[in-house]
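In order of appearance the chains are A, B, C, D, E and F, and numbering begins at 1 in each one.
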Amino acid sequence: MRPNKLRQMHRDGRPIVNAWLSIPSAYASEVACHTGVDAATVDCQHGMVGFSDAIAMFQAIGTTDAVPMVRPSANDPAQIMRFLDAGAYGVICPMISTAGQAAQLVAACRYPPVGTRSFGPARGALYGGPDYFERANEEILVLAMIETREALANLDAILATPGLDGVYVGPNDLAIELGHSPKSEHDHPDVTGAVERIRAAVVSRGLLAGIFCSSGEAAQMRLRQGFHLVTPGNDAAVFRSAYAEHVRHAREPV
Amino acid sequence: MRPNKLRQMHRDGRPIVNAWLSIPSAYASEVACHTGVDAATVDCQHGMVGFSDAIAMFQAIGTTDAVPMVRPSANDPAQIMRFLDAGAYGVICPMISTAGQAAQLVAACRYPPVGTRSFGPARGALYGGPDYFERANEEILVLAMIETREALANLDAILATPGLDGVYVGPNDLAIELGHSPKSEHDHPDVTGAVERIRAAVVSRGLLAGIFCSSGEAAQMRLRQGFHLVTPGNDAAVFRSAYAEHVRHAREPV
Amino acid sequence: MRPNKLRQMHRDGRPIVNAWLSIPSAYASEVACHTGVDAATVDCQHGMVGFSDAIAMFQAIGTTDAVPMVRPSANDPAQIMRFLDAGAYGVICPMISTAGQAAQLVAACRYPPVGTRSFGPARGALYGGPDYFERANEEILVLAMIETREALANLDAILATPGLDGVYVGPNDLAIELGHSPKSEHDHPDVTGAVERIRAAVVSRGLLAGIFCSSGEAAQMRLRQGFHLVTPGNDAAVFRSAYAEHVRHAREPV
Amino acid sequence: MRPNKLRQMHRDGRPIVNAWLSIPSAYASEVACHTGVDAATVDCQHGMVGFSDAIAMFQAIGTTDAVPMVRPSANDPAQIMRFLDAGAYGVICPMISTAGQAAQLVAACRYPPVGTRSFGPARGALYGGPDYFERANEEILVLAMIETREALANLDAILATPGLDGVYVGPNDLAIELGHSPKSEHDHPDVTGAVERIRAAVVSRGLLAGIFCSSGEAAQMRLRQGFHLVTPGNDAAVFRSAYAEHVRHAREPV
Amino acid sequence: MRPNKLRQMHRDGRPIVNAWLSIPSAYASEVACHTGVDAATVDCQHGMVGFSDAIAMFQAIGTTDAVPMVRPSANDPAQIMRFLDAGAYGVICPMISTAGQAAQLVAACRYPPVGTRSFGPARGALYGGPDYFERANEEILVLAMIETREALANLDAILATPGLDGVYVGPNDLAIELGHSPKSEHDHPDVTGAVERIRAAVVSRGLLAGIFCSSGEAAQMRLRQGFHLVTPGNDAAVFRSAYAEHVRHAREPV
Amino acid sequence: MRPNKLRQMHRDGRPIVNAWLSIPSAYASEVACHTGVDAATVDCQHGMVGFSDAIAMFQAIGTTDAVPMVRPSANDPAQIMRFLDAGAYGVICPMISTAGQAAQLVAACRYPPVGTRSFGPARGALYGGPDYFERANEEILVLAMIETREALANLDAILATPGLDGVYVGPNDLAIELGHSPKSEHDHPDVTGAVERIRAAVVSRGLLAGIFCSSGEAAQMRLRQGFHLVTPGNDAAVFRSAYAEHVRHAREPV
């Protein structure tokens, strides 16, 4: 099976830069994967992406060295199974707030006897290779999104879940839950404190700490803080602000 | 019929900023049209856009005030007719090199007796309104791309074509034809001279002068030179360079 | 944020006419929205509509003044979140039978602290505007379908759900549940009585009372009965019967 | 090979009623084919239909007894070949104005030595059967659209084209060409005279006379005039006017 | 309503051969249905098939005599309802491990008062006919997949579920659950014993016994063992091994 | 630019095995490219493949080492340009019958001053690399299909076309043109003679000789005859016959 290079990068202490794909276009995904990223996550929660789009986007990612990951819309085993069968090598699951939810998430990503995933890795085995079944339990990366008060309360129990590879902080929802407006790099101490508390707990257990960021500068800041995996912006947001900037330039007084 | 506001803007001497859409995604198109552009051109020549994509993209553009335009893959009357029927309000036709080609282009965009367009404006009449047939000949904007040596030789005859509304310079192909490498803002005197010669001839006839540019800065420069309609970059190129810049930032030494 | 005009219409006592979209075609949706309707509901329960189709249909609706709404396949928070992120301004949720289900539905449509919706309004914020997060809880319309015996038994409790904006009667399922054949305008007293009981209870609380109807005449009848929002037929059914009528005319004895 | 029942119907003097499909949805096509039609034409000229849509629509038609036909965007042999390979059993080709164009059209629909069609009937042979190659030249129906002044002038020569099965009048373009507004059932004597002249010439040669009509009543009138194949309205137009009628009913004063 | 011929075949003791469709292409589905199969199952669990693909594939199946069936991704009533509304005549539901799950599955496939299916058989009624509602409860085939240890333990209770038509063995997951590698025709006595135990129990109750097989030879073997419905291989797997065999032949030493 | 490995293989005298893709599914394409082929040709002439499908299929091919090629529907420069822009590394153009047609084909595949290709290699440059413009004229493979009597008559002139890389024999159309039935490995001396005459002429000029074959055995035979590039069957045909064989096995008398 094709190794999941993100695992090696994490072991080596190399930072992982991850593209965030919400535009339902395999061409746009391919473009995003030619920017030097190590991974690319197809966002099936807030992205405008249906299942068939996701497959096409995994194929687009598969034309490059970026590792294909997915964010499902929920902690739904059948949905997660389908994305894995379609070739996702990592799962970033939203709204994990209890150890039970974390355990269900891990189980959905692992074949028995460790987990409950049903067998039939259609495109997954094309991408991964003929020994997919034997090795998939070790290669697929499972990250839980921590983004609720409840998750903060249950953080230790969640992180103790066997088989969980790490955490991906959802800073917008976390800020909202803490009573603030959604902002990826919120500077209110409630939020910065919670983010740091999560990061420290994850790192202390030797797990992977990831986080969504709204820009490359923010991503750099998060790496400096000790996060391992960063997302330097959502594709649509980056595209929109960049194009708007060009339009503004064009309109500057002649 | 919904008026083509680009005509009024041209009459008023207001600069027209036009988005360039090569990503086959209606969502990406909608994003691009929320950046303050006046028009958006679906690129069916070099863009990764099939006919069904183009319709969806016209619908996306139609959720905003941007005027929908299209670049067909060739000066092909049947193809142009289909894009107009789908709601395009402007045509930027590649590779117009002779007056005869310009006349065929204009004819393809106009109903008889002026032109040869067949009747059946399906989505066009939804977007334009019930008096589409009566007014379409006056509202649809027809621009010829000037991008060959032959076109330079025939410039006056092309510009004299009745019904032609203006020109859109293709600076990459023009540079190649003049023996240089493709570059939207080439600074070789051969190319700058040809671009200026085209612009001056177009303006002197009261026609609309448009040009592709690779960035907002370049677009501003072209407006300063006296062009009326500018495209501050291709969507995929802008997205790629912006995302790559964020990735670079993220990776800067911690 | 673009106001949800259905709220103002309801306050003003103006009848709301809503198109019902089950054909997975953005062009057909656009056609339906050029018939004078105030709203259009993409039917993702019984319609032949996948998630990607729904986005395209919301875009088509967004080319007109009709308010985009959706019927999800179930009271599933993740699914509802996705439709809202894609730009739906109203949710008509099937099979709400208890107050708990109604509360879960409302929560799925509202950001914290009122609800549980996760943040990431991709296309929703394009359509709604930059203050989407601040205003969405107030603008998104939430209607519960009442169509089971259990719902009739729990009607008061359902209607007392904070944040629920109203009800949409599903007359076919309601008739089946009451032991009759599916018929939108069933005239058995069991059914007519239940429909009137629902309507009266909804209206007495100042909520919005909507109902599916099989035709314009039926819709007019329902408005006369005091409903606020009516659907004058399913797109596919209207198309089929109209085309069949033309075919019959064509075949009439010469 | 599955026989083309339209040929037998024509020989038997039975009227042929043909659905007109411009909505790019296989579901809408299937709905249209459940209205009692004998044939259904996928409109790839003015319809909002790409090649992939057309294949899906041929499949939808193929779930019923209606005979699948296509209108290509132009008299383009490669395009026509592709539609035939995809299963079209009849071609209604726009803008045939000369005998040479008619001959090219027929050649595009026939294998050598009669014509020039290239071999590779992918879906065509699934739909038609294993002896497709041997019989296709006899089964595929080839109709030329007569809709220009030039065609009127060349009518006899066009009709004399060996292998041409008949004509389909395009009354809107014909009216425009004759200096009038587009209207399927124009009552100006110029237009009615031209339509009748075409019909009579076609019938006198034993060929099939077809015509587009805007409604079932108009179709009945055309059958009375002696046409063999009628189209009782475009799908989108029928849907729009029917839905608008329901909306009007709904809004009638309470 | 079009009868479900699989029921008659089962009553008659005729073997049922079922195609397995995981390739999201209506053309590939149509090809598969021209191989002499009696049924075709669209695999929405492990297949690369989204909802919109499934509709197109049902249409493709509907161009032939094969009976359209579906495997949903889970025992999810809303999802199953959607596939039935889209025209599936049979459901093969994965991971049924308890009588309660079996009862929920049956309820999802039946209208009240027998079940809980909501009314709105859009394409289903086109395919099935106008009396769909009256007859669907009797025609739709409901098969539970038995593929877990828990299911083996609960086998009798599952089979006693009123309305359950039979069972479809998932031999790969079953083998994994029993501690072996995934292999459709595993020869370990644990697996062969479990398969035979399931088959015997199903047959003894007069129910339909189906099973997935990896080839035609395996399917023949299963029919010999007394299974009624067999699937002679997954489309993608058959295609891949056949094409690979041709490639190997081509490369044989010259 | 990523080198076109087919050129090196030809120089090295290694046989090239090429998959033939007519099923419009990127997943099926990916499956086909995991069978050990060196190249894969997307058939946009007789395949059921639209432009958007072709892009997705090029992406699928691009997940493997197979070289992406395309067969356009005709010798149409604008269409060929679009496939090259989408990433095709080779063109197999149907129906080349004269030296003029061959020259136009070559020109369509080459940038000026050698050819007439317009600049804008969107996905092509992603797949090929940043120096695409500088190297594309040397890397893109251009093969002319020889399949008409006229082509046989003009064979020497066609082969003398500067820039033409080779020939791909279309044995079905060739057989038909010579008065026989379509059969890829026809054994009539007219056909075998013509095929050998073409092969010998191509080889004698040092060009690449390719041919379509209906199976792996036939492909091996063609390699033995001295062809360099062979296609061991069409995807749909291979799939159909393989699946039918499995169905036959399943049905063999028990």
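Worth pointing out:
The criterion applied here is as follows: contacts are C-beta pairs under 8 Å (C-beta built on N, C-alpha and C of every residue); 3 or more make two chains touch, one makes a residue touch a chain.
It should be emphasised that the depicted structure is a prediction, and the values quoted were computed from it without experimental measurement.
Listed by label, the chains touching subunit C and subunit D alike are B, E. The greatest centre-to-centre distance from subunit A, using averaged C-alpha positions, is reached by D. Set against one another, B-C and B-D show the most C-beta pairs in contact at B-D. Residue numbering at the subunit A/subunit E interface overlaps only partly, since under half of the positions present are found in both copies.
The centroid of the Cα atoms in subunit A and the matching centroid in subunit F are 40 Å apart.
Subunit E has its Cα centroid 34 Å from the Cα centroid of subunit C. Centre to centre, using the average C-alpha position, subunit B and subunit E are separated by 52 Å. Multi-chain contact residues of subunit F (touching two or more other chains) are listed as 24, 27, 31, 34, 48, 50-52, 55, 122-123, 236. Every pair of chains meeting the touch criterion is listed here: A-B, A-C, A-E, A-F, B-C, B-D, B-F, C-D, C-E, D-E, D-F, E-F.
Subunit D contributes residues 26-27, 30-31, 34, 55-56, 59-60, 62-63, 122-123, 126-127 to its touches with subunit E in the complex. On subunit B, the positions that touch subunit A within their shared complex are 15, 17, 19, 23-25, 27-28, 31-32, 34-37, 48, 213, 215-217, 219-220, 223-224, 230, 232-233, 235-236, 238-252, 254. Taken together, the subunit A residues at the contact with subunit C in this complex read 22, 24, 43, 45-48, 50-53, 73-74, 76, 94-95, 147, 170, 172-173, 176-177, 179, 181-182, 236. Across the complex, subunit B meets subunit D through its residues 50-52, 55, 77-79, 81-82, 85-86, 111-113, 118-123, 133.
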